[in-house]
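Please see the structure below; I have some questions.
The letters A, B, C and D name the chains in turn, as written, and every chain counts its residues from 1.
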């Protein structure tokens, strides 16, 4: 069993929980789980969610079954087996101030230092191998140096993701075991040299940052497509609009900025030159729900100096896309821990993350990243792609 | 110098001729030439068009300058240096019957066997290293076996492309020199085992078939993008409409069928399963000219059984896109010939062609194909991608 | 009660039957029924389907409930009340030859003349006020003159729609009552002077032809939008692809041609000049089902000679759109019959039909047509649009 | 002659100036001028630009020819006849603070009261019949009551548009002549009861506000299209991005808000109910220049409760579209003044403006508005639409 603890029981986490149980019961095919078209050493059926933390008063204390019924009940069958896990109170650090009325965390009661220890206690009890961070996008300043951590914590100058990252470390140290933290949100953890080095010292792993779903990895592949033909990109416009809590959160300017950064970095990294671009989560429109609308316009110069253009429009279910990736991230983390990997692993981040850590690493075409990932996992003996060697 | 002869002085060939001269004079950057973002052993400036064949009475006998003025004069500056080459009469084999009034070939005068010899004579005079086939799309039955060739020729049962392929061979044999034929149209040459084996025997090269520009390679990359995330594609619709002679030709059902075949093969090859699809050059609309309109719809299942969809719309200059690829195909052919390659070379075809030969070979994601191509050329010492090893 | 008989119990007819019952039971709002945002003298609840004719062996003999369960059961709740009506055998006239295996009509047993009388018998029994034609698109040559009718029938040279039109007339004559035939398919009935004059003599009504849903009326409004700003339209491309039986039928060239005609007429009628265009039902793609995909490209010249362009992409449920219009067409027909209208009525056709009869009439912007329709019905006292007089 | 003075010699005004001269010289057809498909009592050739005001130091003092060369020279032929008019310094009122370095107005030298008188002096000299306001979008608080005007001016609490509106009035009073002010920007003039009543007293006209080009009138017609079929709109998203100074200005939040207001009002006015929507000028992307990119997504419920959706993408030349409308607005203003119209005229505003004055008036479908406009002008004997009475 790969034991998983969740931070932030929102849409992504709930799709993950529901989807996992439906796959286990045979009711659903593991579509959307990248490695599932090959044979992986850990089948999806061996993943198990054992705990969950949130700060929304409408969720804390409820079972995953109740939470899933509330969020997805009208749309999908929710398995009864989700009654086994109950959402606990996590660390708030102001992450949803102004967004979720009545949100409250352990830190508001106990102070930040104690709250971190309290979460570590709970993790000792739940014994996860992998912790997945899918809380609401929040602003976070990287620690940069290990030396600055203690002071920032004592002054309460940490974001929720940072506090959780430290709690996971405390848990690893106390139990003297390896743990993996998968950070699927834009807060810089795998891009924070201090965090990475602390995880390295604890023989643990931090993967991140910001799960690569939706328009960003598609843009990466489209730009790579143009770069390979040596077309000169002139401009890129990309709009995103949706009606889930995540989009609502991104209407707050500081959260939006966090997202814009991870989204924009792709352009220069792939083309090798700068291009004027407008790439942002653009707005909130409640009736769209979790199925966002994306519009993209790219113009370029072709041979003989003429101009071409491309428009992409998408309707995509935002949260299940990330949930499918998290299935693989959980089992890959497990395999890597077992083989002694620590710190962070660029080959994994490069495919799965919008802002792949470590800090100095850059984006690459996803297709290239995918082949590198497959090669790594084959080399470890974790992945069997069949006769054609993973070549599609 | 790499000496190039053209078959079919249409839009593609004319963009190639004009673009090459403009690049040489420094007036134009070699945008749209894939390898030009790296350093290639043969600079673009070393390519030269030395001859051209056509059957359109409005072109035969004119200089490339006159032809280019007629076709592109309103849109682009046409270099005077194109006065040096004059279009000669080629082999018709009925390729534009019903399309171009008054079209006539050497075969109509001399019979097919003589016509082939006559073209070989002319090639001996022009001394091309590379011959590029960009005549109008035509129906062609592959020879399949070398044994059947002579009889088919004597009965006149060959398409124009096949006749040219044989003339190029005759030229190679007579001169005892290596020649490359680049087939950018759907007629199966690099996919015809008989042709490939004859070229192999003559130490010559045939690359093809059907240049991969426009919607097809983009579709390949989009499908690869979905496949890597293990999304289950449900349906693919792709429409193409344009106003150039090529689109007009494709309103003739048998020509359309040739194109549909090379366009559709991509789906199964990349996804690994069949998907209902509609992928065709769809229509002719004169005012669009060479800037075609493409619309594409792809639907798939994502994690947790939900459905996503993607729409792509493009306005792209059809012919310059292929012209840019031909620049690289010409110089790659030259490099390969020099290093003793013969028959056909899948690594080249896989990136540049819609229906990459040899016959049994299949399509792959273009991005993968590109990396394989780069690796081959680096291995040969022909390509220098700089410090980052060709990784964008 | 307005009593309705159906010809062709396909997707459109079944959406009509299911939707009507759901509206009556209060489970569904009458969205998609144009006049329902005002007050109409006949509420939707007063419409009733009393009979249905088809030739598909999988439908004939079954109740509407069974048919609806088969077609829509997975998607919508099917009301039990539909058990009251059973599908009867109609006239085939070869309309689905090659499309529906085993299709058979009364004409194949009794000959065409007898078959027409037999259907008239059944109508005398069912006593409909309105008969709605929604059989598969079929090729039909208009009679043009009343004199030619008898001979064409005796020789069996009539299409199914024409045979039904005659059966409805026979029923009207025998009962000496007024009846309305609503022709929602492209076969020319309201555009056939012979049919219109026969209906006029029988004090009856024929409305048609080809229900205006989907891309065509939208195109009409977009073109009107451009015309009002005096922009010069340069080209129009419109693709339609779907996965229902109707799209499958349109892959047969002669059926496609019938549809193309009614779709294309809109361009000249609205702009007042000809524009190169490509407007066709383009293909069949089974997984799209009844939710078709439409792509449209329109380019025009604006002030100062510059060029603009517009792309429209739609996913629309094809059949419910027509079903919603049929609700209004049925009750408008009834109101018009009551007030002595006969022959055909352009003001109604102009809004509801792609090819509005009578023959010599042309298309107009739908918004204009709508205002004319509203004015007509207000004048009759049938429609009450509230204080603002129907002005939105 | 209809004498025209310009406020704000930007892209719109320059397209107007260049286009008018090109039409007069016969080099250009009056495409994009709505009434030009009919016969209007004042031909386009009778319009003449006699003066122009700006505050940009790169424009003030230059001839229209020089300004047009700088702005459009690379794209269009600029007529020499534009040398006859020179740009003069206008009133700044801070309208481009932070946008145009070095911008300076008469008010900065003379104070606001004097500056207004100075502009009135200049207008007495230029003798325009119509003054057109196309300065940069600016924030403006309506006066609401005539009583508040004097105080606001003396305190300098007026926007540039308001100051110009007062200068035009002073000119009208001093000369005791009727003048028309056409306000094509979002600042509320025709929607300000105080301004309208002052113009009424001066027997003059103010038309406005905010010229209806681009996505807004198209959205109006699309919504009317849906409303007429009684489809229930669920959500509307509309993105606009461009690279001209106007888009740059709209990245300043307070200017953006002015635009969003006039853009959003359309939804409720046309549908008759509120719908969640996101309609905003979204961003600035320099390489797009004046040819903006628009993306729109509309979802609705159709008959039987199913959901449809529509996506519109456009590339449109922003400024020429408004310039074409201004041609008609100028000559209509003249005709109305001649016939004694004063204050504002809703029938004109309703078609040409995004936020049609007077204040209490609402939006309507443009097609309806167009027919009302045509009727008004026919009634006045100003417009002759030919035999078919303006019905397309």
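FYI, a contact is a pair of C-beta atoms (placed from the backbone, for glycine too) under 8 Å apart; a residue touches a chain by one contact, two chains touch by 3 or more.
All values derive from a computational prediction rather than experimental measurement.
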Q: State the chain with the largest centre-to-centre distance from chain D, centres being mean CA positions.
A: B
Q. Where does the C-D interface recur among A-D, A-B or B-C, taking recurrence as more than half of the contact pairs being identical by residue number?
A. A-B
Q: Using mean C-alpha positions as chain centres, tell me how far chain B is from chain C in Å, no decimals.
A: 47
Q: Return the distance between the CA-based centres of chain B and chain D, expressed in whole Å.
A: 51
Q.
For chain A, give me the residues that contact two or more of the other chains.
A. 309, 311, 313, 315
Q: Report the residues of chain C in contact with chain B in the complex, numbered from low to high.
A: 234-235, 237, 239, 241, 243, 276-278, 280, 282-288, 293, 295, 297, 299, 309, 311, 313, 315
Q: Write out the stretch or stretches of chain C touching chain D in their complex.
A: 15, 18-19, 22, 28-37, 75-76, 217-218, 221-222, 224-225, 227-232, 270-272, 291, 301-317, 320-321, 323-325, 327, 364-368, 370-371, 391-392
